[in-house]
Structure formats: structure tokens, C-alpha cells
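For reference, the structures are reproduced in the following blocks.
First chain A sits with chain B, and in the next complex the same chain sits with chain C.
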Partner chain A sequence: MTGFGSINPAAVFAYFLCVTVSGIFTLNPIISVISLAGALLLWAVLPVAKNKRTHIYPVLLTLFCAVGNPLFSHNGETVLLVINNNPITLQSTLYGLFIGIMLSAAVYWFSSFSLIVSSDKIIYTLGFISQKAALVLTMALRFVPLYIRKARQINGTQKALGLYKDETIITRFRGGVRVFSVLMTNMIEKTIITSDSMAARGYSGGKRSGYPLFKFTFKDAVFLAVTVFLTLLTAVPQAKGALDFNFYPHIDITFYGVSSVAAYTGYALLCLCPSVYEGSDRLKWHYLISRI
Partner chain B sequence: MALFDIKNLSFAYPAGKRILRDVTLTVEQGDFLVLCGPTGSGKTTLLKLLKPELFPLGEKSGEVLFEGADINALPPEASCRIGFVQQSPEHQIVTDKVWHEIAFGMENMCFDKMLMKRRMAEIMSYFSIDSQFDTNTSDLSGGQKQMISLASVLVMDPKVIILDEPTSQLDPVSASGFLQTLKKLNDELGLTIIITEHRLENVIPLGSKLCVIEDGSVTALGETKQAIKEILSNEKIRRSMPGSVQIFHTLGANGECPLNVPQGRAYLKNNMPQSIRELPEEEQQGGSETEIKIKNLCLRYSKNSPDVLNQLNLTVYKNEILCVLGANGSGKTTLLNAVANLVTPYAGKIEIKGKNIKKYRGQELYNNLLAMLPQDVETVFLRNTLQEEFEKAGVDPTDLPYDLSYAYSTHPYDLSGGEQQLAALAVVLASKPEILLLDEPTKGLDNGAKATLCKALRALKEKGKTIVIVTHDVEFAARCADRAAMMFRGEITCIETPRRFFTDNIFYTTSVAKITAGLIEGAVTPEDFEYCAGGGK
Partner chain C sequence: MRVIQNEKLRTVLSYLIPFVLIPAVVIGGIAVFRSRGYSYLIFAVSALTILLFVCGFDRRKTGTRRLVLVAAFVALASAGRAAFSFIPGVNPVTAVTILAAVYLGGEAGFMIGAFSALVSNIFAGQGVWTPFQMFAWGMIGLFAGIFAKYFEGRKLRLCVYAFFCGIFYSLIMDVWTTLWTYDAFNLPFYLASITSAVPYTAVYAVSNAAFVWLMAKPFSEKLGRIKLKYGI
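Presenting the complex of A and B:
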């Protein structure tokens, strides 16, 4: 992987944690719009195959919130129309829209996250917290495809045995129960082999270490430092109320001069970080190639 | 100082019979020791008694010394020094990625990070599996999985590797590749190897020592050629030996025992029997009535994948045993699944008893007509004992050509591979099928079990069943089939009586056929050879 994907997974995790958490807890529509823009930009520049259908969910989500919220919440002073004696207000609609945008931004951040973070990276990062948890995760990731395949096999076997009928819903349900029961017995029997195999290679449930699959380089340290700095630049003024925003009874934005400017620019830069890194990395390659 | 010094070792499982009796055995550094014996003779138990983490529970007497020290007193770090590889490729893998599987042992032992990277690089390069570093373990073939398991043990730098039937679940090509790797490790690094196997054809020529265990006792032990001479009089064990050994026995067992095909040929040339009796002409077995007719069958698993079955044509006659042979990925299992209507071809036609398979509604095809036994027969069993299993399925034990009543109270998973195969066969027979489809029925079976299965299938054929078997096992096909077919790239490339088939094949044939090629016409099994060579008598 190149660009953003080549950064040490621990730093990448820290980045996504900062950008999503501070994007959600500010409860500020301007921050949400910045967040959505940054997330979309990153999603677009990542050099991996993407599924266009990813867009469906954020759009539906935004519409759902914008339409749904005013139906249940009737706060706000500007009444747009009245349905069943209930006022539909402008503020409530805008609030719904804001929630939709905030959630959509999160969807895009997580989508980018899943595009560049493989299971290896998750296990590596989890290893910093607990090597045992990392082991459980890697074992689970192995079990799932194994037992999906096994369940299919059992299903075929039981069908071709010719002993059971599967014409009605009840017999089909019984068939499903049968497959599940065989699968469970099989799993329990076979885990003995796995546990023997673990014991034979020195696993005792005690302390274990992790294979250093990724390096932590100077570049990663810089990226992490920038992430932390920009997050603090947003979070500190926010704690003082520099990002306060009220929807009800009427829309009201508080502006605190320098500290608000710092908070908004800090967050905007934070959102741009990975895209800028990705872009600069690509420029570098472009120039390298033209020099060759 | 010997690596392992086993003195008067006896062992019994709690409330069970004595499984090992007074075993005394010495393994020197650099030995390649092959342990063989029938199923249930105590081989696996003996191996587990050499690995402290896997000690079985039970009553033990005698002692085991590892490098001169009592094995019970070994410190936990010593687990690195004794490597252990099990039978099942699927279940001894712990993690989801190849690199993690190989790192697993090193992580457990808390190796230094630099050392981990170095060993990883070494082992990946030695096995040339570096391209699989990021591969998901679930995407590997059985042979590749076993190779990864071996690598993951080797990376911890063991003095000895103990392997419990490592190739019994593999196809012949992967199995011989795996054994060659062991030989290479033994030759190049002087690594000590202790291995048990059912299929002895390939492993015996590689070993430096042979130990035969029967019923918990060592009945022959020594340098391979010497030990073989000791057991020639024991028919049960001799039958499981390589073809060359059986030819050696038939020809009077004089001189040095040949272990592989070239040695066998040389021995046969020098000891050619005086008069050779011709084999009787093989008659076309089975009926001539068409049971299954497959026309131009094409099948693929997804739109852009290559055809798994490619314009396949095949006719199966009523009341015959047809063995379909072929390499991995040639489409054998898919062919069976298509006939069992578990996968749908995109072109072509399958007729069963003259009726298109698509015209069979619902369960009609599986009612008293066709049944399939999968490769993994454990997926058949549902109950806690064999008796319950048989009652639930409606098995009539008097109808079976074999007897399993001694195992009625056993859990199906605790049966041996051969017994499982017969039990599953009994369950399948309960629906009174006329056509039986079997996928790799001899996988993991020892010679005795194969012979029993072969007898059972012949008996079912006598009762009028039609049997189609998909297998890698050339020796089994040579004994059991009425016709043998070769499958390659989704088509049937030839189909003949087994004797013709295995005589005309040059590469894909039995070891006896390889040894006798051009010397004795048509001898493909040791029994054929005995018949020919016994000409004068």
C-alpha cells in the first residue's frame, strides 16, 4: 500500500478515532459539513476499488432524518406547516438534516477505514492493548469462513442422504436445526485438535508477544503528532464553548473570535490531513516516474 | 546420548484396556523413524507420550528420556525442542493468515522481535512460501495447509519433529511433496523425524528406521530393510507394505529387500520367475443397461470463472462399480455433486434411469433412487451413539454386508476412519438407493479398512446397486472397480477396465504396475502378481 494506507495502523486508528469522535461530540452543523466534505474527499482519493453503492446509505439516512425528525420533534419557532394539529418546524427539519449529515460523515469515514484497514492491521493495533484479545480475534476470523463452508457441506450431505423431506416450512426448519446440530457437534469435536495444536506450539494462556508486522517510522510519528495537535486545537476551544450551536427555539451560533477560528480551521485541517498526504505521495511518485 | 530413550513404556486409558505394552525404543539424533501398524495399535498414543503438552490422561509406567533427562521434568521452554504435527490440515491451523500461523509459536514463546523477523524470513524462503505471506489460511489447499503447519513448528527450531499421519488427508501428489520435504529436512539439517503413516508406499523408502507396532507392542524394529524382513511372515502388515516389498515376498525374499520402484524393477529382472501364468481375460463386469447418462455437461461456479466441467460425456451402467480418478481440481467432486443435483450445470443433460434429472421434483431423486456419501463422512452423523443413529435413520443391520454391532454404544466421532465410513454407508443405505455416489471413501483409511470397504462395496454390487466412486487412490481403484475412468480439466479422457487402464497408464498407475511394466503383462495389484508368478506351482 502507498499513501495513507502505508501509515502505521496504530497512527491510522488514532486518526480515525479523533476525527470521528470530535466530529460527533461537537454537535455543530458547520463541523459536520466540514467532516462530511473531508470524508468524501478521502473516500474519493483512496486508490482502491470502491463500490458506488456506498452512496445509497448516506443519502437515505440524511433524507430519513430530515423528514423523520420534524414528525416527532415539534420544537422551534418557525412553523412551516401543520399536520394533524402538529406543527412541522423549520428548526426541527434543519436539526434532522444536521443529524443526517453527521451520520453520513461517519459512514464515509468508516467506509474509508474499512478500505485501508485489513484484519492484520486491526489485530496489530489490538495487540498494543491485549495480545490475547488479538489472538481471539484472529481465531474468530478463521472460524467464520471455515464454518460457513462446513455448514454448506452439511446441508448438501443431509439433502443427498435421502432420509429427510424438505417440502414444507416445518420440515425445512427441522432440516435447518439438523444442520446446526451437526455443525455444533463437529465444532466441539474439532476444537480439541486446535487446542492440542496450540499447546504443542507452546501456548499456555500466559504472556505472549506479537509479531512486528508493521514498523513505526518517523513519518508515522509526525502524522500522529499532527493528528493530536489538530485534535487539541479543536477540542480545547470547544470545551470553552467556542463551537456552541443552538437549533431551538431559533438557530443561534456563538462566535468567540480567535478561539472559534482556531477550532474550525483545526478541524478542517484534521479532516484534510489524509487526503493531503495521499495527494502529496502521489505527486512524489509522479515526479519520480517523470525523472526516470 | 540418544534423543529419545523409551524404556518399558506401558499405558492404559482410564477404564480402558492397555493400549501400550512394554515399549522399548531408542531414537538417535538424525533418525528418520517410520512407525507403522494397524489402526488402534497405539501409534498415536505413543507419539503423544513423547510430547509433554499432549500427554494423554491415564495410567503410565516405564520411562521416557529426552536427551537423557526425564521427559516429565522438562521445563516449559523445552516445548520448542519437540515439534508435533497432527493429521487434520483443517483444524490444526489456529489463525487466519499464513504469517500469523507461522509467528504463532514464536509469539507464545515471547521471542525477541528481531529474532521473529529473522526466523520468519528464513522459513518462508526455505519453504518458498513467501508469496503466501498475506494469504488467508482458509484459501489454502490441504497440502499447503500441512506445509504451513510444518513450517510453523520448524520455525521454533525443534530438535525433533513428531508427525501423526500428516498426509492421510492429502491427495497423493501433495502427500509425496510433503514427505519429500521431510526427507530434505532430514538430509540437509539432520533433523530427527518420527512419523506414523497408513499409506506406506511413499514413506517407507524415505525412512532410515522402521518400527512396527501391533496391539500396543513393538513387533519389529530396526534399520528399514532389516525390519521389513522380520514382518514378511505377518500377512496383515505385509499387505500394507509398498508393492516392491510384496513382489520381494512373492519371489521368495532372497537377498536385499527392494523399497522403491527402480529397486523393485531391478529385483524383478534378476529374479524373474521361471514360468509366468497369463492373467485370465478380464470380462466386462456389470450390466449393459444404462443407469446414468451424461451428455455434454458444462458447469462453472461463477460467471467469469473457468469451466469446472467441460462438455463431459459419461455413461454409467447398471450394477457396476465405476471409479473416477484424477488430480485435484480436475472436477471429480463437482461431477458427483452434479449427478446428486446439488449443483446446477449451465448446459448439457444428465439422465438418471432414462429421465432427465430436472424432471425429478423435490426429494423424488433421493427417495429410493440415489444417495451420496460426502468426503467428510462425519457430516452424516447426528446422534450420540451409533445405535441411535441407526434407529433414527431406519437402518436394518441384517441388510448390511458387514457387522458393526460391536460399536453400537460408541459415539460416531469416536469410531476409526474405516468404521465411520462403513457406518455412514449404512445410514445412506437406509433410504434404499439404487445408485450410490461415494466421494473419496478411502481417505485416511488403513489397508485393512480399505479391504473391508472394498468387500462391502462388492457385496452391495452383488445386490444390484450401481456405485460411482471418485478417488485418488489408484491401488483401491485397481482392486475395487469394474471400470476406471480418468478425469482431466472437466472431461473424461479415458474409461477402461482397471487392468487395461492401469497397464496402459504410465504415470498414473499402481506401484506394482510400474514395477512390472513391460516385464509381466497386466499385473496391477500384488494379487495379480502372485497369480502370475505362481505360474509353475
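Presenting the complex of A and C:
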């Protein structure tokens, strides 16, 4: 991978943690909008094949929240209309809309996260906390396709023997469970063989050596430092209340001068970081090509 | 994969994370996200519990056979989730977690439940819900393992437990949805989301019980045999 994908996974993890946590757990609509814009930009810039259907869910989610919230919450002073003696208020609708925007931003951030952080990177990051857990994850990830293939073979055998019926959903379910049970017998035996051969090759006996898949370079350290700095730039004023926002009874936003400006710019820059990284890499590539 | 080579640093980190990092993250986070303190709290606590369990799992001495068995059950549950996706709302993760936990113990149960959520979400899609899902399934496995002596060989009790786990899972997931949307416990919204999820919850709870009913015997025979033969 190039661009943002080439940064050390631990730094990428830290980045996604910072950007989503500060975006999700604030009720400030400006932060939500910045977060959504940043997430969409990154999603658009990433040079990976993307599924167009990703857009359906966030749009539906935003609509659902904007329409649904006023039905459950009747706070707010500007009444738009009254249904069954329950007032539908402007504030409540806007609250729903911004909750929807916040959730959509989270959807896009996680969508980009899935595109960038592949399973080997998850394993690498987990290795910081626990080698054993990383080993369990590695093995499980290798077993999943193996078991799916094996299950297909067992299914075929059961069909050929005339044991498997797929007439109703109940018989399909029972057939599925039988395949599952056969698969388990097979798997447990192989598990014992695997673990014995691991022990025979010296696993868990004595000191272990290791080989990290990704190197932590100066470039990664800079990226991590920038992420931490920008997060603190947002979080410190936020802890002092510089991002406080009230929807009820009427929409009320207060600016606290420098600290608010610092928080908003900090968060906006944080959201832009990966897109800038990706974009600058793309530009460099473009100019190198034209020169040759 | 060994990322931190220094043995001393690793030991320091493994004590630092539970005793310093976790309280700092919880208290610091609440100070920062005052307006959404509850949703932050519930997110942080579920994510950090998983971290704590993983750290504990790393420090304890686990036999190689046990370790590989945990990985195999994680894969089995995740492959099963993909294989049974033809019936909406049906997946064997809860059943596999419970049955494996009864025979392998609470900690293995937690790891199987939590890692099944993580691995199957690599195929089904990660999201903000991942830590919470990991936490819910992990807890289901943990309790099945702790109360194993009441469950072993008792098919009906296992089915009842699996049934209630299905309901509990949905109820807890809706608490999460409500807290996440409102950051306060909005009862009408909670009731509405429970009601809209009733068909899903019913299918899920009944299918859990059905899975356990059909798989209790094969599990007890096969895992019982393995425990006797290889002494896990």
C-alpha cells in the first residue's frame, strides 16, 4: 500500500481511535459536520475499489434520526406541528439530524478503517498487548476459510448420501447443524495434531524470538506526534467546556474565543491529516510520471 | 508476533495497562466528553474489559493444546456465522461460545466469545459496535464457564441459558443504541427499539436454544473425549 496505508499500523490505529472517539462522543454539530466531511474526503481519496452501496446506510440513518427523534423527544420551544397532542419541535428535528450526521461520519470512518487496516495489521497491533492473543487471532483467521471449504465438502458428502434435505427452512437448519457437528469432529482431531507439532517444534519451551512485520520509522513517529498534538488541541479546550452546545430549549452555541477556535481548527486538521497524506503522495507520483 | 522485544518493558506494560491506563482513560474521558459521558463510559468500559482479559490471558500459562482449541472454536463460530447467514437473525456464535465455555472454562469462554465477534466482523464489517459485541459475547462465555458445574450434561438448563442469552444480548444491544443516541436513558425510545426488534430477538433466542439442543450431545461427547484422552 502507498500513502496513508504505508504508515505503521499502530500509528494508524491510534489515529482512528482519536478521530472517531472525539467525533462520536461530542454533541457539537460543527464537530459532527467537520467529522463527516473529513471521513467522506478520506473515503473518496483512498485508492481502493469501493462499494457504492456504502452510501445507502448513512443516508437512511440520517433520515431515520431526523424523522424519528421528534416523535420520541418533545423538548424544544419552536413547535412545528402537533400530532396526537404531541408537539413536533424544530430543535428536536435538528437534534435528530445532527445525531444522524454524527453516526454517518462514524460509518464512513469505519468503512475507511476496514479498507486500510487489513487483518495482518490488526494482528500486528494486537501483538503490542498480547502475543498469545495475536497468535489465537492469526490461527483463527487461517482456520475460517479452511473450515468453510471443509464444510462445503461435508455438505456435498451428506447430499450424495441422501441425508441432507433442503425442502423447508427447518430441514435446512437441521442439515446445517449436522454438517457443523461433523466439521467439529474433524477440527478437534486436527487441532490436537497442530498443537502437538507446535510443541514438538519448540513452542512455549524457552525464550522466543520475534519478527515484527512493520517497522516504526521516523515518518510514523511524526504522524503519531501530529495526531496526539491535534487531539490534545481539541480535547483540552473541550474538557474546559469550549465545545458545549445546547439544543434544548433553544439552539444555543457559545464561542469562547481562542480556546473554541483552537478546538475546531485542531479537529479539522486532525480530520484532514490522512487525506493530505494520501493526496501529497498522489501528487508526487503524478509529477514523477510526467517528468520521465 | 513479538513487537516489544525488551522483557522488562513488557512486564512493566502489562501491569501499567490495567492499573494506570484504565482508570486514566475512564476518568479523563468523562472530564472531556461531559455532554456524552454515559455513552463514552459504556464504550470505554467494554473496550477496556476486553483489554484486561487479553492482558490476563497473556500472563497466565496456557497449554498449547488449549490455545489452539480456543483459536479453532473462534474460527468455527465465525465460519458458522457466515454459513448460517441464509436465515436472517440466526447465528451459532452464542451456542458455540456457551458449549465450548462449559468444557474449557470461563476465561477460554470469554476469549472465544470476544474473538468470534472480532473475527466474524472482519468478514461482516467492523464498527463502533465491535467492542460492545465483543463484550456481550465474552460475558456470555464467561458466565457459562463460571457456572459450568450446573450446566455440564444438563441439556435443558443449557437451552434455557442460551434462550435467555439471546434475549439478554438484544436487550443489552438496545441499551447501547439508546445511550448512544441520547446519552440518557430515554424509555420511550428504548421500548420502541425493543418492540421493533421483537421478531429478530425471538428468532435469535429460539435459534440459540435450538442450536444448543441439537449440539449439546455432540459437544459433550467430543470435548469430553478430548479432555479425557489428552488431558486438556
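Things worth noting here:
We take it that the second predicted complex is superposed on the first by the 275 of 292 C-alpha atoms of A that agree within 3 Å, B and C clash if a C-alpha of one lies under 4 Å from a C-alpha of the other, contacts with A are read in each partner's own complex, and residues count from 1 in each chain.
Note that in this section a contact is a pair of C-beta atoms (placed from the backbone, for glycine too) under 8 Å apart; a residue touches a chain by one contact, two chains touch by 3 or more.
From a predicted model like this one, the values you see are computed outputs, not experimental measurements.
In the three-chain model built by superposing on chain A, chain B and chain C fit together without any clash. In the superposed model, A:A106 makes contact with chain C only, not with chain B.
Of the two partner chains placed around the shared chain by superposition, chain B and chain C are both touched by A:L213.
In the superposition on chain A, contact is made by A:S119 with both chain B and chain C.
In the superposition on chain A, A:Q131 contacts both chain B and chain C. In the superposition on chain A, A:S204 makes contact with both chain B and chain C. When both complexes are overlaid on chain A, the residue A:A160 reaches chain B alone and has no touch with chain C. When the two complexes are superposed, the chain touching more residues of chain A, out of chain B and chain C, is C.
When the shared chain is aligned, no partner comes close enough to touch A:I289: not chain B, not chain C.
In the superposed model, A:M184 makes contact with chain C only, not with chain B.
For the pair chain B and chain C, the least inter-chain C-alpha distance in the overlaid model is 6 Å.
The contact surfaces that chain B and chain C form on chain A in the two complexes overlap at residues 119, 123, 131, 135, 138-139, 141-142, 146, 181, 185, 190-191, 194, 196, 198-199, 203-204, 208-213.
Put simply, chain C touches chain A in their complex at residues 1-5, 17, 29, 31-36, 39-40, 43, 51, 54-55, 57-58, 62-65, 67-72, 74-76, 78-80, 82-84, 86-87, 90, 92, 111, 115, 118-119, 122-123, 125-128, 181-183, 186, 188-189, 192, 207, 210-211, 214-215, 218-219, 222-223, 226, 230. The part of chain A that touches chain C in the complex is made up of residues 20-21, 24-27, 65, 69, 72-73, 99, 106-107, 110, 113-114, 119, 122-124, 126-144, 146-148, 151, 169, 172-174, 176-177, 179-181, 183-185, 187-188, 190-192, 194-196, 198-199, 203-204, 208-213, 235, 238-239, 241, 244-245. Interface residues of chain B, counted against chain A in their complex, comprise 51, 53-54, 76, 79-80, 83-84, 86, 88, 90-97, 99-100, 103-111, 113, 116-117, 120, 134, 136-138, 149, 152-153, 156, 337, 340-342, 362-363, 366-372, 374, 376, 378-382, 393-394, 413, 427-428, 430-431, 433, 437. Contact residues on chain A toward chain B in their complex (touch as defined above): 119-120, 123, 131, 135, 138-139, 141-142, 145-146, 149-150, 153-154, 156-167, 178, 181-182, 185-186, 189-191, 193-194, 196-204, 207-213.
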